[in-house]
Structure formats: C-alpha cells, structure tokens
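What follows is a group of structures, each given as structure tokens.
Look for subunit A in each of the two complexes below; its partner is subunit B in the first and subunit C in the second.
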Partner chain A sequence: MKDKNALEIHDLEISFETSRGTAQIIRRVSLEAERGKTLAIVGESGSGKSVTVKSIMALLPDQARIEGGEIWLQGRPGEEEPINLTSLSKEQVMKTVNGRRISMVFQDPLSVLNPTMKVGKQIMEGMLLHGDLNRKEAKERAIHLLDDVGIRDSRLCMDQYPHQLSGGMRQRAAIAIALSGGADILILDEPTTALDVTVQKKILDLLQRLQKEHSLTAILITHDLGVVAKMADTVSVMYAGQIVESGTSRDIFFHPAHPYTWGLLSSIPDSGTKHLLSIPGNPPDLSRPIKGDAFAPRNAYALKEDFASEPPLIPLSGTHSVKSRLYQDGKRPDLPKELKEKIERIQKEASHGR
Partner chain B sequence: MMIAMGRYLIKRIFISILTLLVIVLIMFILMNAMPGSPFTGKHLKADQLLVLNQKYGLDRPLLERYFRYLSCMIRGDFGVSYNIQKNMSITRMLQVRLPLTIRIGLQAMVLGTILGLLLGILSALKHGTFLDPLVSALSMLGSSIPSFVFALGLMYFIAYKAGFLPLLYTMDAPGESTILPSIALAMFPMASIARLTRSEMISVLSSDYILLARSKGVPESGIIFRHALRNALVPVLTIMAPMLVELITGSMVVENIFAVPGLGTLFVTAVQSNDYNVSITIMFLYSAFYISAMLIVDILYGYVDPRIRLAKGRS
Partner chain C sequence: MADEPILQVKGLSKSFGNVRAVKDISFSLRQGEIFSLVGESGSGKTTAARCIIRIYRPDEGSILFQGKDISGSLSRAGQLELAKNMQMIFQDPLSSLNPKKTVFDIIASGLDVHRLYGSKKERAEKVHAMMEEVGLSPELSGRRPIQFSGGQRQRIAIARALIIRPSLIIADEPLSSLDVSIQSQIVNLLLSLREKYGITLLFIGHDLRMVRFLSDRIAVMQEGEIVECGKAEDLFSRPSHPYTQSLLGSILSPVPNG
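This part shows the complex of A and B:
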C-alpha cells in the first residue's frame, strides 16, 4: 500500500444472503483514503456506501459475506506494518482495530447512544478498553473530551443519560465516544443528516477542527453534496455497488465526468436554477444479476455496448478517473449546457466569497 | 430526585393500604352472601346456633363486624378459626403454612426467572440455529400447559416412576417435598420470560447503540451483559407482576395436588367450610403479597430504565 494512505480498499466484493437469493451489494470497489485528509463517498441510498464502510470495521450483519478483495490499514507511523483487515477474524478486528484505530460516527444521534447507560460511562468504556488508564484518569480524559467537542457543562453531562441531551448534544457526545479510544481514522456515516439545519454546520465545523487538531483521516459518507463541498478533499461517487467516478473535490465539482455525477450535481438547487433536474428511474435490484452497465437504463448518454458489458475505468488525469465509455479513445464530451452554466455560476459565487 | 422518589413511595403505600381495606370489605360482603354458616353440624339446634353466633359476634351487623375486625387486625390479631381447627388463633395456624407457601413461591419465581432469562438469551444469541426453535417450542408448551398438568407429570415420572423425590408432601423431608411443586409452578414464568427475553434481545441486538458499542471494540461479553441485557430487561420486568397472579392461583391447585399444607390448601378448605376469618386473612395476605410485589417491580423498573425514573420524579 502507498505510504501516504491511511486506508486502501482493493476490489472489494460483498454479497448478501436474502430471501430472494444472493445479492451482489458491493461489486469490486476500490478506494484510497489519504492520511489526514477527507475522502467522501457519495451516492443514492442503497448504492452500498454504508456497507462498504461497515465492512472495514467488521460490523456487517450475519447474512453478509466478503467474497473477495482486500482492505489495507496503514500501521501507525514508525510502528507497525500495514494489516489486511479481511484476513482478520471478526473478533480480532473488534479487539485491535475498532475504537483503537478506526471509529465511527453514526447518522442518528437519537438512537445511537445506549439509553440506560450514563454518557460518561459510554465515553470511558472505549478508553478503559484500549488505553492503560485507570478509572480516575479515564474520567478526567472523558471530561476533557466533552469540553473538546463543545459541551458546556461537561461534568454534569458525564452523569446524564442520553435522553436528557438534545439531538445536537447527543451527536457531540457520540463524536466524543468516537475519539475516546484514540482512533486515527474516523468514519462519518451521514453525520449531519438527522440534525437540524442550524446544528448541521456547527457539527461540521467541529469535525473539521477536531480532524485538524488530532490529525485524523476521515471517510465521509453522505448524499448531501453541500457537505461534500465543505468537507472533502477527494470524492468517490458510488452507484449500484461500484465506484463510477473518483477524483479530487475540484475534479468532481468543476469537471464532473460521469453522467451519474452530472445528474447528482444537476439535482442540487442553487440561486440560479429555474427547474431542478432529477435522475429518472430507480437504482437497480441487486438481487438479480446485472448485465452490462448498471446505470445504462437511467442514462440518456448510454451507448449500445453499455447494455451488453461493463464499461472500463478510464483515467482522465493523475487524480481523476471515470467508469464510462464516453471517454474511450481520448474522447472528452462536453458537459450538458445547463450543468455547465450552473458550475460557472457556482465557481463565480465561490470566488466572490473569497 | 431522592425526595421525589420518597414522596412517590409514600403515595403508593397509602394507596396500597386503602386497596387492602377495600379488599377485606369485599371479602366480608362476599362471605356473608354465601349460603350456609360456619356451624353446620346436624345435631346443632336453633338455640345452640344462636349462642354460637353470639359468642363469635356473628349476630352483629356486617359493618360493625368489619370495623371491629379491622381494629383487631391493626393489633396483629386475625381472629380464630371457627371450624377447621376450632378456636385456634389464625396467627398460629399460619405459622407453619405461610413460610411453606412463600418458600415454594419464591423457589418457583427464582427458578423460573433464571431459567427463563438463560433460555431467552441463549436462543436470541443462537438465532437461526437449531436451538432457537427448540426454545420457542419449549416456551410455547410452558405457557400453554396449565401448572397442574406439569404437577401430575412430575409426580408420575419423577416421584413415582423414578422415585427421586417425595410424591406427596411429607414432614420427614420438608425441603425435598417443596422441589416438585416449585418446578411445576416455575414452568409458566420460565416460559413467558424466555419468550419475551428472546424477542427483546433480538431487537436490542440489532439496534444502533449495539452497533456503536461494536464500533468501539467492546467484546461480545460486554455487548451482551453491559449493553444489551439491561435494555432487554425493561419489558421483561413489566410481565413479572401479572406472573405473580398466575403463581398465586397456580399455587392453590399445585399445593392441593401435592398435599402441601400451605396457604393454598387452607384457603380452599376455608372457603368450602365457611370459615370466615381464615378465608379473609388468607385473601388479605395474597393481596398484600401482590401489591407489594407490584411496588417492588415498579421501583426496579425505574432503577433499570432511567427514562422512567425521571418521568416519575417530575410528576
């Protein structure tokens, strides 16, 4: 694995045993998360973003099976060799990786905290499991963490139960829990989707500050492109269990290449949009085998070959690649006119903002 | 919060006492309305009956008798038996019987709860293996077959065929004699607790906070005992109180089958022979058990689930 990366996924394949047969949920996904940076995984619900990150932490349900591929976790600087997580048992991942190296912030802060355990105890649990602190030191560190995530009366909060906190406070407490074991990779699974708009920005600001202070690598899952624009360094766009386009944040927002990415960008409202576009149709049913390109039936730009076989992954630059035949043989098709105008508008607004 | 809890307790105890007074009154009215009297010997003549009724105060109006009885009860005097053990004080009659019934009931409750929890947790964890449907079938049988059928089955197979434990209650082995009745009574609580624990554990184990605990790297034992069990127990506690009713009614039948000289046996005899004081006292005791058990379950409930504790504190 590359030295600059904290985590790499190579050709991951995951299937789910369902009542209607085996569903190929993740179909050869490869990702790279650079150390200290934020990788965003974007896509509609059901595209497999959540399954991909859960597989890193061995949190998949029993009916899921990793069929192939590797997940490489970088060793801590100067200490350990990289580990292939798929070669470890569930118990080993729980013991050596979860909380200690990688931790997760979940979508719904209302259901993610244990309702019968005090907040303080839930934060201290991770420290006592992974560090060599005694109870008193852990308690002091937990109070410090609560201060750090912006909870005002941190000592009181230690002795409170989750239902005594507001949604935003609970998400802050959940972030403190994620930091409690000393992990250097933070997986953010739609961290602001369930929060009020006013709270969303505060939580994102908090996450950015913490990421810088603790030099964390973040893997952000979201379908909110506004969040991606604010947080991400690199972006991977996922559709039907595959990565269809990946690149830097600039690549994806200013030079989107895949028709699916075009669709996603066209469907965000902005000040100049007259009518919002949406992507027609629905994502495919993955419990049936998919022939050709999964996106072809919804794709106005689909070619005849796309219905017969999967398009190859084509590199557009050192950072940018796309899974589409439109770019074969060095061809570079133009963006749809409306989207082009929209991007120019956003670029202009962004440069004014600075 | 402690003060609020104290005030809540005082309120509950006050209501409990009122309830008990009403129950005793209802018992008075019902016993009075029953045909016959405690004194039914054929040789008794009308004037002899009159003397007897006068002696025990049974010629007085119902309400006067009720209040007189209450004032005695406060002093710990539950009156005497009219015909089961003539003129024996009820307090003395119960000295042996009460501990016996309590012992059988407690043994049944503890056995049923422990086995029920174990089976429930086990089948939830082995969800999808052969063990799960086995436990489900067992708990179905346990909750649908009445306790007297179990009692007869245990008597036949364990006491009679295998000769392990006493068939009927015997003074020679009072301890061993309580085992089979306790097992028979434990079946129902075991089955209901197993069934509920299983379904609660399954739903709790698939909740988000268990996923969070796993993402922290909490080992499986910690997941089950620190995180899942306590949350799964809350609904289980709610069925504990109704289960006590089943234990009380079940004990009357089971005690009679095993000829255990406990409260249940005595109560049936007392009602049949119009021994007013005995029936009223036993009914009073049963109600007092039930009400205090409900109170304990209620307090436990708040202890296990902090959300309930605080809601109560506010009211």
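This part shows the complex of A and C:
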C-alpha cells in the first residue's frame, strides 16, 4: 500500500443472504484514505456506504460475507507493517484494531452509550480493558478527553448518565469514547444527521479541531453534501454498491463528472433555483442481478451500451476518476447548463459570506 | 372573500406538565400559500401543527379554519367536515400507513369515510387517477406499504391525503426520512399539486435550503415562540432576529473550503 495512506480498500465484494436469495451489496469497491485527511463517502440509503465501513471493523451482520478484495491498514508511523484486515479473524480485528487503531462515531449516540452506566465509567472501560492504565490514570485521562471534546464541566459529566445530556453533549461523549483507546482512524457514520443545524456546526468544528490536534484520519459517511464540502479532502460517490466517481473535494463540487453526481448537486436548492431538478425513479433492488450500469435506468445521459454492460472506470486526472462511458476515448462532455450556472451561483454566494 | 385567511391561529399555547411547548403564537395562512414553520427540535413546531389538526387540545388561544373556530369541541358532523378539508402527512410514511391494507384501500379510505363515490367503478377510477397523479403506477395498487421504497410510500401518503381534495395539508417533516434525490421529487410533486389545485400547505421542515425554495412565508420558532415571521426571500436575505441569524449562519454551503 502507499505510504501516504492510512487505509486502502481494494476490489471489495460483499454479499448478503436475504430471503430472496443472495444480494451483491458491495461490488468491487476500492478506496484510499490518506493519513491525516478526510475521505467522504457519499451515497443514498442502500448504496453500500455503511456496509463498506462496517466491513473495515468486522462489524458486518451474520448474513453478510466478504466474497473478495482486501482491506489494508497502515502500520503506525515507524512501527508495524501494513495489515490486511480481511486476513484476520473477526475476534482479532475486534481485539487489536477496533478502538486501538480504528474507532467509529455513529449517527445516534444513544445507540453506543449504555443508558445504565455513568459516562465516565464508559470512557474508562476501554482503557481498563486494554490494560495500559490503572484506574486513577484512566480517570484522569477520561476527564482530559471530556475537556478535549468541549464538555465544559468534565468532572460533573463523568458522574452523569447519558439521558442527562443534550443530543450534542451525548455526541461529544461518544466522540470521547471513540478516542479513548488511542485510535488514529475515525469512521464517522452520519455523525450529525440526528442533530439540529446549530449543534451540527459545533460538532463538525470540534471534529476538525480534534483531527488536526491528534493527526487523525477520518472516513466520513454522509448523504449531506454541505457536510461533505465542509469536511472532506477527497470524496467518493457510491451508487448501488459501486464507486461511480472519486476525486478531491474541488473535483467533485466544481467539476462533477458522473451524471449521478450531477443529479445530487442539482437537487440542492439555492437562492436562484426556479425549478428543482431531481433524479427520476428509485435506486435498484440489489437482491436481483443487475445487468449493465445500475444507474442507467435513471440516467438521462445513458448510452445504449450502458444497459448491456458496466462502464469502465476512467481516470480524468491524477486525482479524479469516473465510471461513465461519456468520457471514453478522451471525450470531455460539458456540464449541463443549469448545473454549471448553479455551481457558479453557489460559489459566488459562498464568497460573499453566505 | 379572497383575502380572508384560510387558517388563523391566535394566541395558541400548549403545555405538557411543566413544559410550555407552545407559548402564545399567532399566524395565519392565505389560500394557496405555502407557509413553513422552522426551528430546532423542541421548538414547538410539531406541537403547534398537532393542535391545529386536533391531535392535541390547545390550553389557550383560538384556531379559525375557514372562518370557524375549531379549537374547542366539535360535533361528529363538524369533525367529519374538518377531516374532509384538512389532512396531514407525516415524517415516516411507513408508520402512518396501515401495513395490513393494500395501497388501493389505503388511498380509497378517504373516499369511503366521506362517501365520495357513486359506484365501485368510480371508486377504483378515482384511486387509479390519484395514483397516477402522484407518480405511482396503478398496477401497484394491490401491494402493501412494506413493498414500496421510502419515496413511494410518501407518495402513497400524499395520495391518501389528497384524494378527498382537502383545502389545507399539514406536512410534518415529510422529507426527513427520504434520500436527497427523492426529496426533490416530493418537493416538485407538492409544488405541482399546489399549482393545480390551489392547495394551502403548512410545512414543517429543518432543511433550510429546501424550506426557502418551497415556501412563500416562513415563521421561525424558538422555545415555543415565533421569533420572526416573514416572506421567505426577506427572511433569508435580511434576517432580523439573532436566533434566525444563527440558524441561517449554520447552513452549510456545498462549496469546499480551501
């Protein structure tokens, strides 16, 4: 794997056993998360973004199976060699990787916080389990972590139960737990979707500060393009279990290439929107085999071949690639006019402060 | 009397125990208008909507709908007439659609309650026409809600509400459980139905970009009170209350930093 990357996924394939047969949920996904940077995975529900990151931490449900591909985790700087996580058992990943190298922050902090246990004890639990610290040291570190995630009265918070905290404070506590084992990679699964907008902004600011101070690598899953724009260095767009476009944040927001990405950006209203464009139809049912390009039935720009076979992944630059035949043979189609105008308008709006 | 508001809320208050969820709010909706309530969770917007549609009984204040006060007790006939003219759409269509019924029967339920058809054939025709209107194939009418996607279920909920031609629809976060590409489909559907039938819409939402696009006027709620109310464009370009300013300042622009 490349030295600059903290995590790489190569050609990952995951299937699910369902009542209607085997569903190919992840279909040859490759990703790179650069150390100290934020990779955002954008997609709609059912696109496979959550399944992809759960597979990294061996958190897949029993009916899921990794059919192929590799997940490489970089050794800590100057220490171990990279590890192929798919070659480890579920128990090994749980014991040696989760919490120590990779942690996850979920959409709903109440789903990770134990309602019957004081916050302090929950943060200390992991530290004591790994056996590196004694009780007193663990308590000091827990208080320090709560300070770090911006909880004002950290000593009081240690003795509180999750229900005594507001939604934003709970997410802060969950972030403290995620950091408690010394992980250097944070997986953020819709971390602010359940929060109000003013709280969302504070949590995202906090994550950015922590990332800088602790040189964390972040893998952010979200469907909110505003969150992506604020947080991401690189973006991968997922549709029906595949990556359809990858690039830097600027590539994706200023020079989007895939018609699906065009559709996502077009469905955000801005101050000049007269008519809101939407992507017609619904995402496909992955429990049935997919012929050709999964997006073709919803794609106004689909070519005849797209209904018969999958388009190739075409590199547009050193950072930008797209899975679309529109770019074959060096062709570079223009952005749809309405979207081009919208991007210019939003850019102008942003440079004027709002 | 075109200028007469279709809905007038005056001094509405509602408490749950010690919690004053809605404190003395007043606003009115004109015929054919899209009026939105925005605010953070706990700001009272859902409570206000539920008082209007009589899920909750208000503690104080009056609610005039088409000129009649509907905040107190109503006769059976009065309730029925209200249900014919005011309908609600919820955030999670799966929990608001009866899972045991077919989509046909769900959409037809309003026709049945209000006896709005002469024959079985007419009933079926109305349901099928309504399904097409909201972008659902009538061929799917024999299926049950679980067999549809989230966006399709919200279309079913809209068809059920609309088939009796209500004059006011209250939509409480109808987009929140939907994906981005599906949200814009539903917004466009609501706009086209307003265009066609002149329906008045009371919309509750938290996606401020979408609310701005959809609404004629917006009221901002904070801790049970309306702190600012105005035309969508004015409110967004010149927010005057500090809370509105902080709310609008939290909107994340889809433009990368740096």
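The criterion applied here is as follows: the second predicted complex is superposed on the first by the 347 of 354 C-alpha atoms of A that agree within 3 Å, B and C clash if a C-alpha of one lies under 4 Å from a C-alpha of the other, contacts with A are read in each partner's own complex, and residues count from 1 in each chain.
The rule is simple: contacts are C-beta pairs under 8 Å (C-beta built on N, C-alpha and C of every residue); 3 or more make two chains touch, one makes a residue touch a chain.
Being a predicted model, the structure only gives us computed values, none of them experimental.
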Subunit B versus subunit C as contact partner of A:Leu129, first or second or both or neither: first
Comparison of subunit B and subunit C by subunit A residues contacted: C
Which of subunit B and subunit C A:Glu349 touches, first, second, both or neither: second
Touched partner set for A:Gln200, first subunit B, second subunit C, both or neither: second
Contacts of A:Arg325 with subunit B and subunit C, given as first, second, both or neither: neither
First (subunit B), second (subunit C), both or neither touched by A:Lys139: neither
Contacts of A:Arg172 with subunit B and subunit C, given as first, second, both or neither: neither
Residues on subunit A lying within both footprints (that of subunit B and that of subunit C): none
Subunit C residues touching subunit A - in the complex, by the definition given at the top: 40-41, 149-152, 179-185, 187-188, 206, 208-210, 212-213, 236, 246-257
For the subunit B and subunit A complex, residues of the former touching the latter: 128, 206-209, 211-220, 222, 226-227, 230-231, 234, 304-307, 310
Residue ranges of subunit A in contact with subunit C within the complex: 44-45, 167, 196-201, 204, 223-230, 232, 249-250, 253-254, 263-271, 273, 275-280, 282-283, 346-347, 349-350, 354
Contacting residues of subunit A [partner subunit B, same complex]: 57-59, 61-62, 91, 94-95, 97-100, 103-104, 106, 108, 111-117, 125-126, 129-130, 161, 163-164, 174, 177-178, 180-181
